Amino acid sequence: MKRLLAAPSFTSWVSVVLMAGLFGAGAASYTGFASTQVVLNLLIDNAFLLVIAVGMSFVILSGGIDLSVGSVLALTTMVAAWLLQVAHWPAELVIAVVLLGGAAFGALQGMVIHVFKLQAFIVTLAGMFLARGLCFLISVDSITIDAPLFVTLSQTQIPLFAGAFLSPGALIAVVVLGAGLWIAHCTAFGRTVYALGGSEASALMMGLAVGRTKVAVYGLSGFCASLAGLLFAFYMLSGYGQHAQGVELDAIAAVVIGGTVLTGGYGYVAGALSGVLVLGLIQTLIAFDGTLSSWWTKIVIGALLFVFCAVQRLLSLKKAAG
Amino acid sequence: MNLPITSTPVLALSGIHKGFPGVKALSDVSLRLFPGEVHALMGQNGAGKSTLIKVLTGLYQPDAGAVTLDGKAIAPKRTEDAQDLGIRTVYQEVNLCPNLSVAENICAGRFPRKSWLNGGRIDWAAVNAEARRVLAQMDLDIDVSAPLSRYSLSVQQMVAIARALRISARVLILDEPTSSLDDAAVQRLFTVLRRLRDQGLAILFVTHFLDQTYALADRITVMRNGETEGEYLASELSRLALVNKMVGAPPDQQPTRLDSRASQTGAPVLSAQGLGRRGALHPLDLQLKRGEVLGLAGLLGSGRTEAARLLFGADAADAGHVDMHGRTRRWHSPREAIAAGIAFCSEDRKHEGAILELSVRDNILLALQARHGLRLVMSFDEQQALADDYIQRLGIKTPSADTPIGQLSGGNQQKALLARWLATKPAVLILDEPTRGIDVRAKEDLMDQVRALAHGEAGMAIVFISSELPEVLHCSDRLLVLRDRRAAGEYRRGELDERSVLEVIAAESA
Amino acid sequence: MPTPRAPATPLWRHPLARPVAALALLLIVAAVFVPGFLHLEIKDGHLYGSLVDILHRAAPLMLAALGMTLVIATRGIDVSVGAVVAIAGTVGCVLVGSHGLAIAFAAALGAALLCGLWNGLLVSALGLQPIIATLILMVAGRGLAQLLTDGQIITVYEPASFFWLGGGYLLGLPVSLFVVATVGGLTALLMKRTALGLFIQTVGINPVAARLAGVRTAAIVFFVYVYCSLGAGLAGLMISSNIKSADANNAGLLLELDAILAVTLGGGQLSGGKFSLAGSLIGALIIQTLTSTIYAMGVPPQVTMVVKAVVVFAVCISQSSAWSTWRKA
Amino acid sequence: APLVMGFSQVGAESEWRTANTASVKAAAKEAGITLKFADAQQKQENQVKAIRSYIAQKVDVIAFSPVVESGWDTVLKEAKAAGIPVILTDRAVKVADPSLYVTFIGSDFVEEGRKAGKWVLERAAKAPGGALNIVELQGTVGSAPAIDRKKGFEEVIKANAKLQIIRSQSGEFTRAKGKEVMESFLKQRDKKIDILFAHNDDMAIGAIQAIEEAGLKPGQDIAIVSIDGVRGAFEAMKAGKLNVTVECNPLLGPQLMQLAKDIVAKKPVEKRITVTEGVYTADVAAKELPNRKY
């Protein structure tokens, strides 16, 4: 116990415990809540958010922020849909193109941030407008995707046990999370990201590859956003400029709830998972309750968020004092 | 021991110019570094030493001038480039990442990796072992997997040095690496440096300690006001001459020493009763009288800083209390201590002192203003006058009081921070390593000032902490020796000499 | 903050020079492409024209940007601004008919104050990260406002004096401008004539050193959130007074993003520290001028966002110091 | 046991929507149906999540107002596999297999646009003289009502060459934006504005204020046609400031509940059920106003 308390990942553990509490409360109150599929649905429904959050974790760990992810996601669905439905490209090629495109979009933002020494917030905010705007240049209407590969991926259910299933998208998200963990903790790039977040000036003076890492971090985030866009496209089978409005805030919230410090340098990529699950759980709770009016929905989400963050914080404080 | 001057320099700088808006930091500076020598770069605060080093490592781009390595012109654009060329640097301020572990800070950039067959990932066991190996050279045995921020500034400084030592290089640059190290640590560092020198490394070394210069350096380059004053063989330059070349004045008489009379100490102002904090300081009793200087001596990590922080309320004590002017107090925040008339000048000026982007004036005014609350303590003109007064009195080298303090040289920042606390006219002044990074002349001035503040009319009670034993001995009326985070003895002025104090300090703990 | 009285740097090096230049350039572009954009006339005893519209429309954003400037100066961020706008506007509109102007205004600002206290409490006492602390109110705030109105848009018919704040004119200019000028002036005075500005910057640049120097860091942080919410509350009243109704779901939507953008366009650093109130006001004007120009030029709505993005990129890059060195090289 | 219905609403972005929600809730209570209500806050992904949770809860019937038309195949298949019938309300969906939902009850946005266009066409026929300049306040870019209403409107007014849309900008369905955009339109002094077409009443109400502030008479100097038929629009019409509003009826709660009961009872229902919607002009406004429920 003492070792657990002393571990730097304590905050993350608190999240896990609180999440279990939240789930327990749901299971006790609502019939059908305590089923495997409900838990798996958390993963299936939030796969895209998890992927974005993994990319966002790197950005935030490096001391930056990326507001463009939601729009890049939408742009990806739009471009993919257009290429598939209007230009009739093969699905595999489309996937490769949009992934590269997303990474390039992110890297470009990173470059602007690095070369012109601009603030990440403002650059990615402009990137957010740009990507969203480009969607509408392609089409203001939504485009339905019926490419066989996408449809198959959309409707495949990977059976697990006792009738419970997982979607390919969820599986991809879990793989991305694993890769994120590996990159963060086992590669020089990952450690440089942490160093950047700890102190960019120091990292520069330590002779670390600050510029390259920065560009790569935003490139990675852009890649994750477009991968999330693909998952979204599998999930919705459509391209649409209004998809995933405000997802960037959800992703940032998930990362921060997962214990990563917004100013960078402290936290774990794994936290993204707990953050995403907490947000998902809150929504599931509300859907199961099914009596809340639209405004009470917002208030309750806010209140649950508050309770979660406050408890997490108080427990961490207590640990710091003890 | 000196290599013949006929051998070609590894590194040569010539005609370097570097200006900042409003300041000419370097003009026509030249420097040669030969393999297998320790080259001391000397000069007053703000002479341009650090700037020169930053030009060398690519952190700043020179306005004019050439840098050659092995006769080939180089123009590093980033520290990274310089590193690849074999130039390793320890900068003046500790420039490491507080969030990373000690081991990572040492290895970052060149991690030991597992083989490709194993995925090519970082080999954490090897990283830690490697870090422990390098630190062992300096006899430092700490938990390398703990985050750097857990350790005191002096440990951090050693880690920074270890980082530079880890990879063999052609040139090693150390900018005031010893400014907060104690004697023993300095000796261990020197042993390492001598060995490296004998292996043919060229070492550039900046320090304000003459003793260290003469103990280590083969050659000395003196800088003054951003220009090269000259290059000398250490064996041919006397101390006095060196100081004169740095200061640029004709030989002065020995600076007037204060009488060594035990001062008239008055009523106790501040005392600590069983003041302690778990894991940082064992309960400590301590008394401070009006008009006396109390020196705190001890080794690295002996708890001097912690004692000071507890007296000031920077950390919350979990045992004991302080008595201030006879009233029992338990500080909840530094504010209360400041209101009661205590001032604390931290050893870590970069993180705990300077507000880098604010002007020198605002930095000087800050504590006074904070004590007053929101109402301005004085008009703008008076602020200016106050700042100018301190700039002049402490000899702070700055273009103007409006210059951001971050643009000052390290030593001058230190002086400005001292001014911040003097401006509050405290009853108790706690100075933690106030001489850190201050040049020879300024150091003497400072120590004279400290004694004057205590013994003069102000009658301040001063706690003086320094890793330089001679300084502590010189300054203090009373000396408290700490060892292993508890008091190991208390001595009046004159009761002990440097040797015997050293014995007390370094005695094996029971 | 007191600026040096004798600026040694030339005028074009002044930190405000670039934002002002960007604003001027935008206006020139608008004037060239939209005939009569700069045209002003007297109509019904007040000035009438696009320029007046820009100032008038930018007023709520300027109020929000002033508060955001201080929050950002302490290294914080407040994403609940839009929600506070909705709450204050709603409270004002709900009460103004039945309880009169004074009570409605007091209640609306009181509600905003409560929001600020809540944010301040979470950030400074509980130590939550600012973005999460304010995100809570951002999510819940609109819900609270809608709770008051039952999801309806509250239209105000009486008293006419309520419409004065957001729609009235004084000396031929919109009242809202005088409000912004007063708030901005008072804030500037507060920053210059007290040590608040110094403390805010200190806390933003180096909170540890600030605490050791005896600055009441927690109180300062608390203050900026309260101030920001009050500004947002006033902006909320202004917006609902202008459209004579409270739209809890849409009032001030995404205003926080615009406010942050205004601060950065005006030269503020999101990493805290130095700030410029005037810069943020100019930033707000840049944003509104851009929007108005887009409307006036008849840019199709689906292209609007791309145009906005491109202009923001251009303005930022032209303002970066790296750009000037790059150009020279 | 009482019938359980899961209902996923788009959000509460407008008065219209709130009225829609209220109608559904009241009707469910009336009909003795247990309603599981979820607000999606304008996000499709949230609606999908809600529908999945309804499947997990094994409700008897699922109803929802889709945020967008496309992207529903997967989740509807899951519902079908679980044997839960699905009713669409308010907006239609595009799915490859129409058997994925049982029926669609709601308005036709294109038709609403057409109705507005027809009114303009009639007015143009009566008006003497040359061209009539129209300005358009669009809804949120990309949203289904904005796209469809624009489409229907343009389709009809093409018939008369006198009618020309000189400016079109998004007012994002809100009063504040509607007013701001209208202000900007009014500043363009090259062409006189004769008719305003607003995609919803809220924007029209905002625009009316802008027109008044510019010293013109809304409803006379500029004819205004808008869509939705909320109470505020009737008040404006009563005051002579709005000429016509095309009703888009949100009160489909009772019809929806009846449908749900029929479906569960395995009675046959039609695939497309339209709600009765009228076009109200200023002259009937005073009479109609007291009857408005939203």
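Lettered A, B, C and D in written order, each chain numbered from 1.
Please note the rule applied: a contact is a pair of C-beta atoms (placed from the backbone, for glycine too) under 8 Å apart; a residue touches a chain by one contact, two chains touch by 3 or more.
Predicted model, so just to flag it, every value in this text is computed and none were measured.
*Asks:* What chains do chain C and chain D have as common neighbours?
*Replies:* A
*Asks:* Would you pick out the chains that touch chain A and also touch chain C?
*Replies:* Shared contacts of chain A and chain C: B, D.
*Asks:* Please identify which chain has its centre, taken as the mean of its CA atoms, farthest from the centre of chain A.
*Replies:* With centres defined by C-alpha atoms, farthest from chain A sits B.
*Asks:* So what's the Cα centroid distance for chain B and chain C, whole Å?
*Replies:* Once rounded, the distance between the two centres reads 44 Å.
*Asks:* If you average the CA atoms of chain A and of chain D, how many Å lie between those two points?
*Replies:* 33
*Asks:* Round to the nearest whole Å and give the separation of the Cα centres of chain B and chain D.
*Replies:* Spacing between the chain centres: roughly 71 Å.
*Asks:* Residues of chain D that touch two or more other chains: which are they?
*Replies:* Residues 11-12, 18, 21, 141-142.
*Asks:* What are the residue numbers in chain C that touch two or more other chains?
*Replies:* Chain C, residues with two or more chain partners: 146, 151, 301-302, 304.
*Asks:* Where in chain A do residues touch two or more other chains at once?
*Replies:* In chain A, the residues touching two or more other chains are 136, 140, 293-295, 297-298.
*Asks:* Between which chains is there touch?
*Replies:* Contacting pairs: A-B, A-C, A-D, B-C, C-D.
*Asks:* Flag every residue of chain C that touches chain D in the complex, lowest number first.
*Replies:* Its residues touching chain D are 34-37, 39, 43-44, 48-50, 53, 57, 146, 150-153, 155, 167, 239, 242-245, 247, 249-251, 253, 291-292, 295-296, 298, 300-302, 304.
*Asks:* Per the contact definition, I'd like the list of chain A residues that touch chain B in the complex.
*Replies:* Touching chain B from chain A are residues 8, 182, 185-188, 191-192, 194-195, 197-199, 201-211, 265-266.
*Asks:* In their complex, what parts of chain D are in touch with chain A?
*Replies:* 6, 9, 11-12, 18, 21, 35-39, 41-46, 48-50, 52-54, 56-58, 67-74, 77, 94, 96, 140-143, 147
*Asks:* Please output the residues of chain C touching chain A within their complex, sorted ascending.
*Replies:* So the residues of chain C in touch with chain A come to 75, 79, 122, 126-133, 135-137, 139-147, 151, 248, 257, 260-261, 264-265, 269-271, 301-310, 312-313, 316-317, 320-323, 326.
*Asks:* Could you pull out which chain B residues touch chain C in their complex?
*Replies:* Residue list for chain B touching chain C: 21-22, 312, 314, 333-335, 338-339, 344, 346, 351-358, 362, 365-367, 369-377, 380, 383, 400, 402, 420.
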